[in-house]
């Protein structure tokens, strides 16, 4: 049967181009990163396990924000490399919160599965904030300063996905108060009182 | 206090550029679509409600595939326009399945929240298939032919996000058997038996 | 001479494709915006004047921040549409400053032409700040929280360009204190003292 | 049979998202163009004929360059809108040529099907030129100044494709000599002799 | 003559930036691939030969599909790296065919140069199929399932270009029947009869 | 105080994703380049100095074009890698000029800070040229052939930014006359007189 010849023909073409950017590019996270993500692992080393992440489950919430966050991004789920998507699970105890932060290069889409969140993002001329219940989906366009609180009774749970395989979290308090940028410079450029800056520097481990 | 002057200065700049592509562009879904998505609704008409979708809940599963799908994409959640992300909830009764299909321009990331799925995608030279349980995340690179079945006991539930605000679903059976492409042409180009093609054409409402 | 025939041939091709996205697309800023910018003005209406902006000169600095900003972006210089670049001139009197802000979708490149600035940007784990003199160029990657102060004697002047034709400015104080987001919610999600929030809300015209 | 229910379910999703950017966007070439191409024709008006262009055949070569060019780009083949590809057929009589030109935003890939071309492109520090015969493929990276001549006996024929649905042709002689830019300014900025400029201005219909 | 100084000045700038992404990036195909393609060969090693591919000629058609395919893509024509275009020649004997397949990340543009093809692509709600003769151009938007048959007398020949330098071919039969995915799983998720699946598995070399 | 736990939690996430494409990617310019720019230096080696370039000051103008050019692009300012922007300072003595050239992949935005320039760019069917004074901004869309002359009294100074971190300069005279492309081929494909070609080849160091 001649079909093997044509198969060989198609397969040859497929195999050669297979080792390319087109179908997928599982990250070799130990290689130097680039503007388009990590270099690809050789196709021959890829197995089905590469495409599965285990453990997007509830994280501990025994911290001052009463929040638990588990994430599956390119650094712990290398198959996402170049695919422009990642995921996170958020658990908040009653009274918990996710403080003001931005994701400089990722839109965030949140799905509420239990409890009640109040979430919002801020623009120079307005703010967009809503109370969210199970089955609600909320979207925060990339780069917007935003927050969420558990505004209901009991635990609140949500799944979040990002339009980037490698979203960074820029928490406002970490940016301003966890480093050595001089307190008077922070005060001057935020218009916060110097005492306020020093108080939060102490709390977040910053100095200066 | 002179701060109002500078605020005016910054606000003016913000307002003028606010009406732009940069921060967000909620779709005017009645305007003609473009290669970059829908034109934007005027910023003055945007409210917090634009950024929330209600009802990503279980859909009915009383169909032959025992699957229920609810989706939040740009057509019913216009705030996603240009943001490159969307969401879906999938419920499958025991024995249910999502038949072979592709999303030609979207990577799919699935999070299992209940039950057991077996999901996989196919390439010309291999296949990547896994049994998934609650807390597992599975990724299907864009354009790959893939499937999922409920391989466990009881209902299986997952949330899916796409790296596109407007993913299309190309179910293989719909493509091949739900239209009027002549049966002998389908048989010839798929190598399926003509009887098989006619049987499925009858089942999926196609003719020819 | 037959050269007119070939010229006609080439010109015809050029003219037809001329009305396209390829060479330029001067914005029709009154048409609805899209994710890829404004629709194009008809080529027949474009003149050399479209490609020139007048008045990127010193703005008044008689405000509390002692800063003057003039900008040439797509909203007042429509030829920039789709070209991914824009410009700004910044003048700061001695002691002046540009308070903490982000440009969610634009890298900023600043050229110091007179005086001394101290400029910096913040990341979750570090900060990058430098004293800059005439001839120095500073770059702030897109989405990073940053500031600048006139740290020298006399006026400081710089030119800034952005990797977007329509950068927005998200000044932290405007985001947090110039709107109606309830003060206690701001306090809770920033960890600022409620008194601090109320004091700045009063100063920046916010309420709640 | 319950399959119609699930089909309806999948079809509904497909139909709604069908009218989107994802699968295709046949140009409405009478609507204003945008940076991402033309707005889409309604899906309901699309027929198989939209995806076919007729007449990519030999054009007349009775001009001074002995070249005939037929092209299928978005302006006469609207289905190419947003797809980033287009095609051209080039016929050159013996001794014919395609004068120096650039395509500012398109890579050109040429396939020789008959005769012999010599084609090349120029960079600031080198040039890349080759004699090409039937079965040879030549690539000119986008924006490079390039040329082709029929360097063999008899007619030469090639097919060209571009990495843009709407490539423009910037022929050097048209740019420099077919408009009203003053001859002395052209001479000064090209270092050509003024006489040379005037001679070619006369030939190409320019003035000034 | 001082022109050498300015030349040196311009040349220096050109040389340094020459080694960059801007002008071209001939692939070093032995280096690990990335999401944006292969790393570049050093500019100093590039010769005119890099930009030419030899042998885009008729391939043998003595196989069961009576089709011959020759392709010039980044893996055998490294100059295409990053340029988003590639080419293929297709020869089909009378009665030959290209079975149903997709290119997950490439639009296909086909030019008929001899004979008659019938080509078409399928969407969830329609199909777009046409009889094509010499001089006709057909476009298949990326990711669409499509086919072509020689529907005329004698040999049919076409040139194809892709909007990717590295298109993959996902032939439906290879995806479904050439691997070890269990037959019953294939049957269940395609709705094909198990016998049909097994018959084609045997023919295409699959098992399971 | 439990805040350190949550900080650790957020910081961990930040650190891991920090080493990624998202926030910045300072070039390792000694590593092989790619289509998306250079690989990134390790984050641990980045200091504030990486984000500052020194010396964007007047360059010498004692050359035949009376022009001085200083540039800050990715090759000498590696922090620009992936950020899509770069800068240049141009000084022209009275009577100086920047000869016809293109930037194949960069839009150029010029800000006049002293003196008078006349700048323009050319299209196949028109030209766009203007006299520019201090405070004027001029934009040249990418790939367009353009020039500038000092058309006033005394020195003229401008700052230029590009929509690319690595713009190349293709000066027309260098392309045509500084290499070994045979003079008769240049003459034939530009329609210049052979004497003119040879004269300029001699002047620009070309041969052939």
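Residue numbering begins at 1 within each chain, and the chains themselves are lettered A, B, C, D, E and F in the order written.
The definition used in the following text is that contacts are C-beta pairs under 8 Å (C-beta built on N, C-alpha and C of every residue); 3 or more make two chains touch, one makes a residue touch a chain.
The structure displayed is predicted, hence computed values, not measured ones.
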Distance-maximising chain from chain F - centres being C-alpha averages: B
Higher-contact pair (C-beta pairs counted), A-F versus C-F: C-F
Computed distance of Cα centres, chain E from chain C, in Å: 42
Computed distance of Cα centres, chain E from chain D, in Å: 20
Whole-Å gap between the CA centroids of chain D and chain F: 26
In chain E, residues with contacts to at least two other chains: 10-11, 14, 18, 23, 34-37, 104-105, 120, 123-125, 127, 129, 141-144, 168-171, 174, 178, 203
In contact (per the touch rule at the top): chain pairs: A-B, A-C, A-E, A-F, B-C, B-D, B-E, C-D, C-F, D-E, D-F, E-F
Residues of chain D defined as touching chain C within the complex: 32-37, 59, 62-65, 67, 69, 71, 73-76, 104-106, 164, 166-171, 174, 178, 203-205
Complex contacts: residues of chain A adjacent to chain E: 1-7, 9-11, 13-14, 16-23, 25, 28, 31, 34-40, 42, 81-82
Complex contact set, residues of chain B against chain E: 97-100, 102, 104-105, 118, 120, 122-127, 129, 141-145, 147, 149, 168-176, 178-181, 185, 188-193, 196, 199-200, 203
Of all residues in chain E, those that touch chain D in their complex: 10-11, 14-15, 18, 23-24, 46-57, 72, 77, 79-80, 83-87, 89, 107, 109, 111, 113, 120-121, 123-125, 127-130, 132, 134-144, 159, 161-163
